[in-house]
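First chain written, first letter: the chains are A, B and C, and each begins at residue 1.
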């Protein structure tokens, strides 16, 4: 086996061979991507990708953040009139990506999609740029063609509840396009009155649902209405990005009172927090009716650096993790709905201490709770090993979500799934040589991890 | 060496051989079990075990919780009139245990005790059930015979302070039975007024100690009295399961005031917490007199799911970990008694971040503090490696408790100790090949870990 | 390769060979020690070291704490009139150091500096003592000669802002001495009014800066003045040891009011905390002017055991870690100065959960933030692997501080740097065999880690 074929596999010869054997049997299986941030318009319009800089740098805040961290001005990236000059900055500083997941994905994408196996450096910057740019003009590099080449079976996007989902309808109507592109209901800005512009958001939500009055009852009905609209368009999950996964249950009367106060800006901080916690529980209640799987992504401070937010907008690399608590926060929700047959709740954290202390133990008791794959900063070779190490002892392999790429960067999807498949093959191989599972068991788990497991967690 | 002989050893040939060599020299040493939850009646009465379902499923909430998590109704387990059908549910869903410690222990027990080396599956469910059931009728499978076969030298049970310890006396009187079965003083429900039924518990405690009045002074005397009673029956430790290891010191006057208020339900939350924290410190004070080792198991929310508690009772799989803090919480206790010659304090946490940040540093200074072995959800091959990695650099091997099985499942005791011995052999072998210790040092540590180290920590 | 040459390298043959190859190329590179606690007088006076006990035990609280933890009385160490008897206590209990970093450093120092390769034991205690003692009288073992032998290029000490830095001047004037010995500005006791004797400290500070009045403005000016004094004497960093890295920004008016109240002991706890948080931000502001790098060491409770403090003083082994939070605490400071060209901020934590959750993500966005090397309890072979595992995926290798020995124990400097070099070689070798970086990339990183990386982080 060539060195590149054994990427991410353990160094021990026997274990490496086992990892390779497991990997070969899943390497080419279709990709299921039940949570991510690809723009549906990209696929619906099927227009050529922009230039290499737009594709690999401007749209990937994993890349811009690390360039910025190493001294490149964000204005030289985002406001640079010459994309090629930005590319030069990337290649000139490429050593700072050595060993990172961003570097891994980029090199893997260069190699698999563009046939480039040189390590990026200022010397080959122009050559790579030109080669990629010329490729992007070819029909084989149009988004739909790539989706087929990547064997993407299902691709979930993340969408505003008031979106009319026209692009999704367009894609569904294209019978020549095999990838199922599915919307995800992401209602954060409507659920938490502490979000900027909540009043206005709520007005739009009510309007989108055809409600003509504004009250708590109408608001709840509008959310139910839009969930159904999404469900009719193929959605199988709602996604919830929260600072803390706090939940509580208010009576309709109390919720209604806080709702009115929130609209008039007279609610206290505690009331607003309770309202947000109540609405997360309400999402679970609605899920027991409509069956949308809930994914919760918790423990992030968005927009840490105000000057960068002001100048370059959100998603520019300064969303940062904080400690996260699940067992106490989810207790009200789980006591109400945790054993309901219709509920599935997948928990994602950036605080890896949650894995063995909270998430695996919760998923090891509640039938509704599933362990979210390593997310964001933790979506990397060693973090994936730590994730398995922290969760498998406690909850096995069958209460996981399967791999989630969570990416805006369409071209990186195969690299990300491949990295996860390799990492899990490595982990399973190690378990075999340690006599903890047999090869046959490992093989079944390995295939299940990319087929039945995500399908079960996401009701696919 | 056969594959099964090298279970849990590193894959590298040289390291594996070293691990095996270390392991062989300790594999058959007697078992010291200084903390666990085996029912003393089981041994005293020496009656045959029930059916395989009762033995391996109903009494093991590690097993029932994961079945429940994967969609089996608890009523189909706990309320099922046909044990064989429950067994089928277990075997049908057995793949969910692949890679878990529960699966590891079960398979190891099947093999070592019943000679069954097939992986459980619905195909062999009846065959295994029948084989185990028929074995359980044999004299060799009676509890006392198994204790001898398992080479259990010392077995500590966990007991209510008002228990008359009749079964322990019976066992001590049986000169033909070599295992020392020892009670452990577990006073939680008497120490924390926030526990349900505290008033009534205290009344019983006072009565059991022959006290006829109810005051703080009598209460303290009753606790001292019952500790002595336990000590006279061989107890060497008291065990404390708390939500948080909060300690403080109240004057007798203040303690007395809160005690009276607690009895009349007029104490504040802060007062109740302080009283519980004061009583934990009081246990340390009493330990400096009577020499009972204190084990503290902290950081658990009991009975997370109220509906399950109501229907199926406690210990049904929904006790869940929370973050835990030791350095600040134990400061009052340790400032008062931390360097007292008579005190030993063993700290167990489900929050593995405590290991390198708090517990090993505390045990690396205070002569009284010992590092509790990986507990409950963390009592597993990889967690044990993480445990050693987090603590050895800081506090070495000689401030540990030795392995604790903490189990209600008598038949799993050899499997659990064997897992720990294999894991430590693997860890030590790795240290040898990395040149961090010599083989001779490793060998001494390896033997000490299952002999002198637990004996020292528990005053055996 | 001999066993001792492959210390800390992975056991797999191929990976071990790669680690060794990488290590050989950096093993003898000069030592850069940009943060530590060596006494400058030691070098300036160049007097022979004291006896072996003073050298290896009394001045190393890593050693005394673990002896104490294992039952040796501190009075038998610190108050023992016979150094040789203390040495006996150390050697008699040496097994408790097996596997610890203290043991590793000690054995490495014995071997490299004194040619002793036996494992310490009571049998060879006197022989080792005599051999070391006689060596210490030789000219080759004088501090300056050893600094040359150790190839220490730069050695930073840690100094009181009112220090006149006479020893540093003396050393700078010695043209025959090649090691640059540099002061570090450590102003904790002047910045946080909650420190004992703050009033008196502030008076001394004002005096040392030639200020004749006491007001907030004079206090600020005095700090600026002393920073400049240190900078003129070669200082390149200020060091900040805090319980929590809390920052905030007060107006001059508010800061002035709290300052006055603090002097009169009438400030509230909240005000005092805010003042300390404000002064940490002020240090960052001053750094944007004078360019001193800020190192923050956070998350320690000093002097946990009051009786030991009272009897034996501070730095006697009972400083203990607590959880630490950076993302929210540093937000005010980073919003004010986080992208300033002149600011560098290196974050050190004893809470290893900070690495992947907070410090690497912060360093992966803010150009000013660097990841502090594993510190204190975490400065050990396995902790270093965990550190790389937790940070490289996220922020690569180029946002680290380089290795910091942080030691008072001059003789242990080579052992500590060697341990770090070996550990990083092992880590890089593993990355190569896993196909995550090429040998050429690893080689460059390996050299950079001990040359350009610390030089960049510390403005050397």
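One rule holds for everything that comes next: contacts are C-beta pairs under 8 Å (C-beta built on N, C-alpha and C of every residue); 3 or more make two chains touch, one makes a residue touch a chain.
Just so we're clear, the structure is a prediction, and the values are computed from it rather than from any experiment.
Participant: Mind checking chain A against chain C and telling me if their interface is mostly the same residue numbers on each side, over half, or mostly different?
Facilitator: Answer different: the two copies use largely distinct residue numbers here.
Participant: Can you grab the rotation angle between chain A and chain B? Superpose on CA, round to the nearest 5°.
Facilitator: 120
Participant: Measuring from the mean C-alpha position of chain A to the mean C-alpha position of chain C, what distance in angstrom results?
Facilitator: Centre separation, chain A to chain C: 39 Å.
Participant: Could you tell me which residues belong to chain C and also touch two or more other chains?
Facilitator: 10, 12, 353
Participant: What does chain B use to touch chain A in their complex?
Facilitator: For this pair, the touching residues of chain B are 3-4, 6-12, 65-66, 68-71, 95-101, 103-104, 119, 301, 304-308, 317-318, 320-323, 350-353, 377-378, 380-383, 386.
Participant: Mind pulling up the chain B residues that touch chain C in the complex?
Facilitator: 10, 12, 14-15, 325, 327-328, 331, 334-335, 338-339, 353, 356-358, 360-367, 369, 389-390, 392-399, 430-431, 433-438, 441, 444-445
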